[in-house]
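Worksheet: the structure to be examined is printed underneath.
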Amino acid sequence: MIGKTIDQLAVGDKAEFAKTISESDIYLYAGITGDFNPAHVNEAYAQKTFFKARIAHGMLTAGLISAAMANQLPGPGAIYLRQELDFRAPVFIGDTITARAEVIEIIKDRNRVRLRIWCTNQDGTVVVDGEALVSPPKTLSEAH
Amino acid sequence: MIGKTIDQLAVGDKAEFAKTISESDIYLYAGITGDFNPAHVNEAYAQKTFFKARIAHGMLTAGLISAAMANQLPGPGAIYLRQELDFRAPVFIGDTITARAEVIEIIKDRNRVRLRIWCTNQDGTVVVDGEALVSPPKTLSEAH
Amino acid sequence: MIGKTIDQLAVGDKAEFAKTISESDIYLYAGITGDFNPAHVNEAYAQKTFFKARIAHGMLTAGLISAAMANQLPGPGAIYLRQELDFRAPVFIGDTITARAEVIEIIKDRNRVRLRIWCTNQDGTVVVDGEALVSPPKTLSEAH
Amino acid sequence: MIGKTIDQLAVGDKAEFAKTISESDIYLYAGITGDFNPAHVNEAYAQKTFFKARIAHGMLTAGLISAAMANQLPGPGAIYLRQELDFRAPVFIGDTITARAEVIEIIKDRNRVRLRIWCTNQDGTVVVDGEALVSPPKTLSEAH
């Protein structure tokens, strides 16, 4: 249960995690975070907006990126330092989102890895785009 | 149910939202996002790590910021464009997190508002720090 | 709140529990167990499979059998010793599943009861079939 | 997103998935399955039983085995045919459960794989033991 150390990582390494976003995902996420924006939980309101239907919280979609990173790249023991997220397009109930992470820079002397992170829907549209900076695990005693 | 337009916003405007992070918050968040990093859901593993106990997902803590923005500043109808997050310190089960947002720039011609966003725990330690860029609502028909 | 003791049970005793399986059941179950098989949570993937749609986890369907046993046969205080499950047919979102248990053997000297357990969908198709071995309650102080 | 075919599997292949069982896991599982046995959701009742505290549903613990199999061995596309489970010891709130699967037989002509499956707690006690029979994926079009 320990992820890849910096010596086991290379520019171009990739990971992904995919899931169809359900209404219950959005409702549970609202319940956890307190973000009850009517765009997410009020269908009558949402029908009158530009998007015409309830949309998922941008940060919920972005959370799938953590799954790709936490489970595979670099995996357990990595410390998340920074995340930059651009919200590009709405995610609707029933959209299938693929979150991807790809190593774009290895900063060995500071034990840092920079990744491009992005999410696409079932049509290939990029809905979230950004970067993450993580510190890969060294040894288990130092890991979290 | 419509938030503040750009003309109703000023540099220095503030909002906050606070909540004690429960074990069930972390478990539901793992279940929604698929992020089962043992640092979050495996106490036996977590006790051997630097932090000595399970910690909340950084993106879960950051989700509270959306609540502050969605509910108050600018409120319903705002479009989230960008979020930058620095994860500064761990959040443990039982920690009370206050998420804050403060307007730091108004870009009227492009209908954009830049906010500093940050979260502190019950001891005042900053656990998440960053910025957000949002587009405040114009009229309901344009809002989401 | 105590179930039937072995002297109150007879071969042929029956119990049942029925429920329509929702998308939120499947999503919560994935979140509890960590089983994010795309067959359960990825509609785009599932449409390309033999079953053409997301299906419920087999062990989720089987969980309804426990409800039939725990609530009625033998009821509170029984100890579950063994369960054998054959997964016969897929369960789709919206299927109404009836879980059934029927006593098929009473082993008095070892305080054991063997039950046939099975689940059918709204069309009468058997989706799960199997057997369970339980130890019925003796007195409350011994029960769990 | 396709798991290992029978030619990619060998006797002795192993997978595992670990998680601390929370009170919320037990409560959500009760809510999904309808199994409200007081041994699981009634602390006042449970304190008077042999185990002195609420215990997890045996089938909830067994569900972690599916995660190990669905995510890794054989992975996406496998069809679950049969599961045999012996419930050996109680699982309490806060126990950290490691679910394991190990290939014990490859039946090539029928495309079947037999696995030993078992769960241990943080002390190494086996809480669930058994076997599973799965049909590994052939091609995506046949998979589920």
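Quick notes
The chains carry the letters A, B, C and D, assigned in the order they are written, with residues numbered from 1 in each.
Here is the rule we use: a residue touches a chain if its C-beta (ideal position, glycine included) is under 8 Å from a C-beta of that chain, and two chains touch if they have at least 3 such contacts.
What you are looking at is a predicted structure, and each value in this text was computed from that prediction instead of being measured.
For the pair chain B and chain C, chains touching both partners: A, D. Legend: contact pairs of B-D compared by residue number with A-C, B-C or C-D; the interface matching in over half of them is A-C. Farthest from chain A, judged by the mean position of CA atoms in each chain, is C. Because chain A and chain C carry the same sequence, their contact can be compared by residue number, and under half of the numbers here are used by both. Chain A and chain C have Cα centroids lying 35 Å from one another.
Note on chain placement: the centre of chain A and the centre of chain B lie 15 Å apart, centres being C-alpha means. Residue numbers of chain C whose C-beta contacts span two or more other chains: 27-28, 31-32, 34, 36, 38, 42, 45.
Of all residues in chain C, only 23-24, 27-28, 36, 38, 41-45, 54 touch chain A in the complex they form.
Chain B contributes residues 27-28, 30-32, 34, 36 to its touches with chain C in the complex.
Residue ranges on chain A touching chain B, taken from their complex, read 1, 17, 19, 25, 28-29, 31-39, 42, 45-46, 48-51, 55, 57-60, 62-64, 66-67, 70-71, 76-77, 79-87, 90, 140-144.
Per the touch definition, chain A reaches chain C in the complex via residues 17-20, 22-25, 94, 96, 122.
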